[in-house]
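Note that chain A is present in both complexes that follow, paired respectively with chain B and with chain C.
Presenting the complex of A and B:
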């Protein structure tokens, strides 16, 4: 004789109930639409982004009338012309772009050995220490970290105090371009390591052992085996660091001493300092365009399978 | 959501009666009770303010006494003046109730809102009768802003770096000894006009020809100045990063109060004199508008001005105020016409119209 359903474990009955409720809410005939339903939140977010971009596009084509502080009723390309003909914006764009490339390169160079050590070490303690050191900065915001550097690198900071002990006069370590890049590399390093670690984990250690058994030294193993296989992680990490750096605001503002602005700082100035929403919008779209072009260039250079998407199983 | 009005709109006469009565009673130190004509009191009014010693002074001089007189709590919103502005504009554009009742703002910033037509006319405030001409915004109809005090962008310096006495001219900024040890505002505010004189130009040429200012600023750029906002100057002086700065006298005075070795002067080229003020955004419910205006009116009473401006170390707009003991005869505290003659005053409308261009040019030089 079959047992009654009341004798089933509670968890089974709960799951049965949930399944029945789900079947009522989303009947089986809707199954083909399930992927669309799951995509809906993402699509909604993308839609909101698109609406925002359209609004920015509209504002960017309207010039500010400083006698009334209202944007023009008709469209004009004056804001884009101003950006194209202004030395200030070319300087700011160049600083952002060059900074993003340098920070990306340095972050990847520094992140790779860190991630490799974290993945390959046989010491559980070392792995934990590396993980703690990696995650600790995430608990501290970017602004706090930047102020931390002010304390460490200031004229009366720790570094200058140490230099003073050996008779070196205080050196201006802050408020210049290298200081901004230094702060950005320190900020971006954990992102790069986190993106690289899964890619390195996916490379079987046996492949390196096989390469060594075939006579490859560690340099050859690294360049012929590990790096090519880690490419998806390197590209992914590079893209994340590149786009985050390109759009960064806090580090240039705090460590740059006001003279090392990136595009985000220029956008802030237009929206909040001079109240020129039109020019601010145009700068924002220029930033979006530069970021998109860079990402597009990476995909063009390294192919559609860059991030290991669509890989054959 | 727009709040509904629980009462009929106030007439101008009713407002004047209420405000005058409130001002009079408060000035006399008498706690007010509910007036017959008085609209419903909100639980609080929100006043945007600058933080630190700026807010402390407003609280002591205006907000606390206003609360004592009316029973209405005053909350200070410390959103930056530049950042509250787009929020206010968006709220008014969208027909929402503005997020603050009173904006304590620079006159230049406030003029932008007035030009947009987003500021309530305050011409009917009873205490305006006791104010000096400096309370009136230049070039605007009525009182969409009430200027509440003036301030000077002084040349602040570290006395230990000047053993032979205070610097007398802005040319000191070009002394190689001070390379990397100069602080300026990051948009150059307060510096453009004296730089015009220091560069050999004339103030009358502003805004048509400011090349002398840009030439001088280009020379200063070679001195690798630090660029920042108000709090940065105090930090830089405190940390020994700078010896010279063009900054508002209040910041220098506050730093001195905190034990930092600092003094200030008005150089022979002159120093920019500007004003801050209070304004009330449009779109408030009628009763809240009434009490927001009452707050501004209260801020113009002599007692409130005395305490508020003492705290700031700045000259108010009401006749007969007593300067703080440490600022008697100080060039940053002009009290007589001849004091003001040494200072540079450019109409807010000219500043508003050209601000973007001047900030852009300054940044172009400094970012290069």
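Presenting the complex of A and C:
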């Protein structure tokens, strides 16, 4: 006798139906092509990006005619020459690059103890608190957070009010390079912690106990055991923070007040203020090149395998 | 460090125990993991702490290593109280449950690690590492990464790493639990060989009663945070201190009963299967009517086909074969007693060729001697 199917939950029967439909649409003999099918959406995305890049490359080679406000019909290297010879753009590039490196280093230094505490604490309550504190900033956009710093650090801000109470004259805490870096570190910290936490979870606590029983104090345990094993996480977190900082727009714009431009701000100015699409495109490609070179350098130095990809360690 | 030097210059080192544990409690919240543990272990002895999971054996070991602090009581190593000294200030080698080898180092780097951490003369380190690699028969594998070694080889690296700095004490935290039986038995003998060769005082923690009997000079049996018995393996097996030890080691039949009469250590008890003779094991003199537990080892019982006389037994009763488990070198029978059919008695027949295998349901006569029927207070 055929068993009745009505006893099974509805969701099972729905899924069975979907499976049958899928089998009709994508028969078994197509199985070998399945990986390609799964890659298709991302391939499409990359393709769109490439089209955009080609478009950018094309406009970057056309100079803006200031009398007609039209891009030149023929290709020229004038935009790149302008970037290379102008002190202004060198300063912007240098500021972005140096800022990205400093922010990356500071974020990793601050994120490591946070992630370590979150992973290793025996108290479930503390872990939850740390997690909430980590995710809370994600619910508040970057711009709102930067505006918050304006309120706190401004000339009539909380900090200067407090300083006034002890008789210190207002200090200009905003619109300078350190203020931008400060805001960026605060913005990047959750990303770094989120990237580090799984890497630290993968290190058994027993290894640290073993190091202690073998005679290592906590400093030696950290430098000889924990840090080497956390390297993939540190590199991953570093790459994310580095690229996000290098291309950041809001923090330099708001906390720098126009005086501390990063490359993204310069690009914005060219596209939307000067309407020099050619120079903007050239700057954008320079940014892409710098970012790619940095990521490439990290991969050559440490190997792609350190990101826990490729060969099993 | 100074304190340790003072300890080793005392002339009569033989009288000072290598490890001395005095009235140690360890309380986690409301849970008393270790309750009033006391024992002395002399230099060069191999002690196994045996107990079911949750008996407090690992907590006791972790307190000796310095990973946990006793809530009460004192622990001394070579006569020096260790108190709150952190693990890295103690000269203790430990092999961990999951070995805890460093995956980013080779076998020899793992073994050199404690030497570097403990500031041994850098010129002597390579020789010493090579010597200990040879001791655990891993010479050719020195350069291998940890994940390139087999389970047994990893065990050997862990042992060499724990011993290479010549610690006062070697602690083994169930490192063999994850191995398959054959490899485990091989490693048990390997532990014993190395321990004999180096003469290092060793404390091993396990829930494997066979391992405890095979490797140790002394066995501590723990249950519910308390030390139940500390004795050499033969004594633990032959003269268990209480019904828990009797039941935990070996294949033992435990039967609840009531005491009827006592004449010195010779007692008679009422069991579900009638009145049986036994030998009193308690410290105090029992009173008739007391609840007691009978313990009899599965290999101490004898049986014969029904209506065949069993010579040299003090008591016999009728039973049927409920089940039989053929294990190759021995057969384990489960008999159900005629007068108490719900109660099964296990008997190990270590010489199956002597009997033809009995079939399920076959009627037999069981017999035992009063000296093998151990009677414990409940």
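In this section, the second predicted complex is superposed on the first by the 300 of 313 C-alpha atoms of A that agree within 3 Å, B and C clash if a C-alpha of one lies under 4 Å from a C-alpha of the other, contacts with A are read in each partner's own complex, and residues count from 1 in each chain.
Just so it is clear, a residue touches a chain if its C-beta (ideal position, glycine included) is under 8 Å from a C-beta of that chain, and two chains touch if they have at least 3 such contacts.
Being a predicted model, the structure only gives us computed values, none of them experimental.
J.: Record, for the superposition on chain A, whether partners chain B and chain C clash or fit.
T.: fit
J.: Let me test your reading of the model: by the given contact rule, A:216 touches which partner, first (chain B), second (chain C), both or neither?
T.: After superposing on A, A:216 lies in contact with chain C but is clear of chain B.
J.: Regarding the shared-chain residue A:137, is it in contact with chain B (first), chain C (second), both, or neither?
T.: So A:137 meets neither chain B nor chain C here.
J.: Contacts for A:207 in the overlay, against chain B (first) and chain C (second): which applies, first, second, both or neither?
T.: Only chain C is touched by A:207; chain B is not.
J.: Comparing chain B against chain C, which has contacts with more of the residues in chain A?
T.: For chain A, the partner with the higher number of touched residues is B.
J.: Which angle, as a multiple of 10 degrees, do chain B and chain C span at the CA centre of chain A?
T.: After fitting both complexes on chain A, the angle is 160 degrees.
J.: Counting only touches as set out at the top, which of chain B and chain C does A:198 meet: first, second, both, neither?
T.: In the superposed model, A:198 contacts neither chain B nor chain C.
J.: Have a look at where A:57 lands relative to chain B and chain C in the superposition and call it first, second, both or neither.
T.: Neither chain B nor chain C is touched by A:57.
J.: Report, in whole Å, the shortest distance between any C-alpha atom of chain B and any C-alpha atom of chain C after the two complexes are superposed.
T.: 47
J.: Across the two complexes, what residues of chain A are contacted by chain B and by chain C?
T.: Of chain A, no residue contacts chain B in one complex and chain C in the other.
J.: Note which residues of chain C are touching chain A in the complex, please.
T.: My answer: residues 65-67, 86-88, 90, 92-94, 96-98, 100-104, 113-114, 117-118, 147, 161-162, 165.
J.: Quick check on the complex: what are the chain B residues that touch chain A?
T.: For chain B paired with chain A, touching residues are 80, 82-83, 85-86, 112-113, 115-116, 180, 186-187, 226-228, 239-241, 352-356, 359-360, 363-364, 366-368.
J.: Would you pull the chain A residues touching chain B in the complex into a rising list?
T.: Chain A residues touching chain B: 64, 66-70, 86-88, 91-92, 95, 154-156, 170, 172, 175, 257-261, 269, 271-277, 279.
J.: Can you list the residues on chain A that touch chain C in the complex?
T.: Residues 204, 206-207, 209-217, 220, 224-225, 228-229, 312-313.
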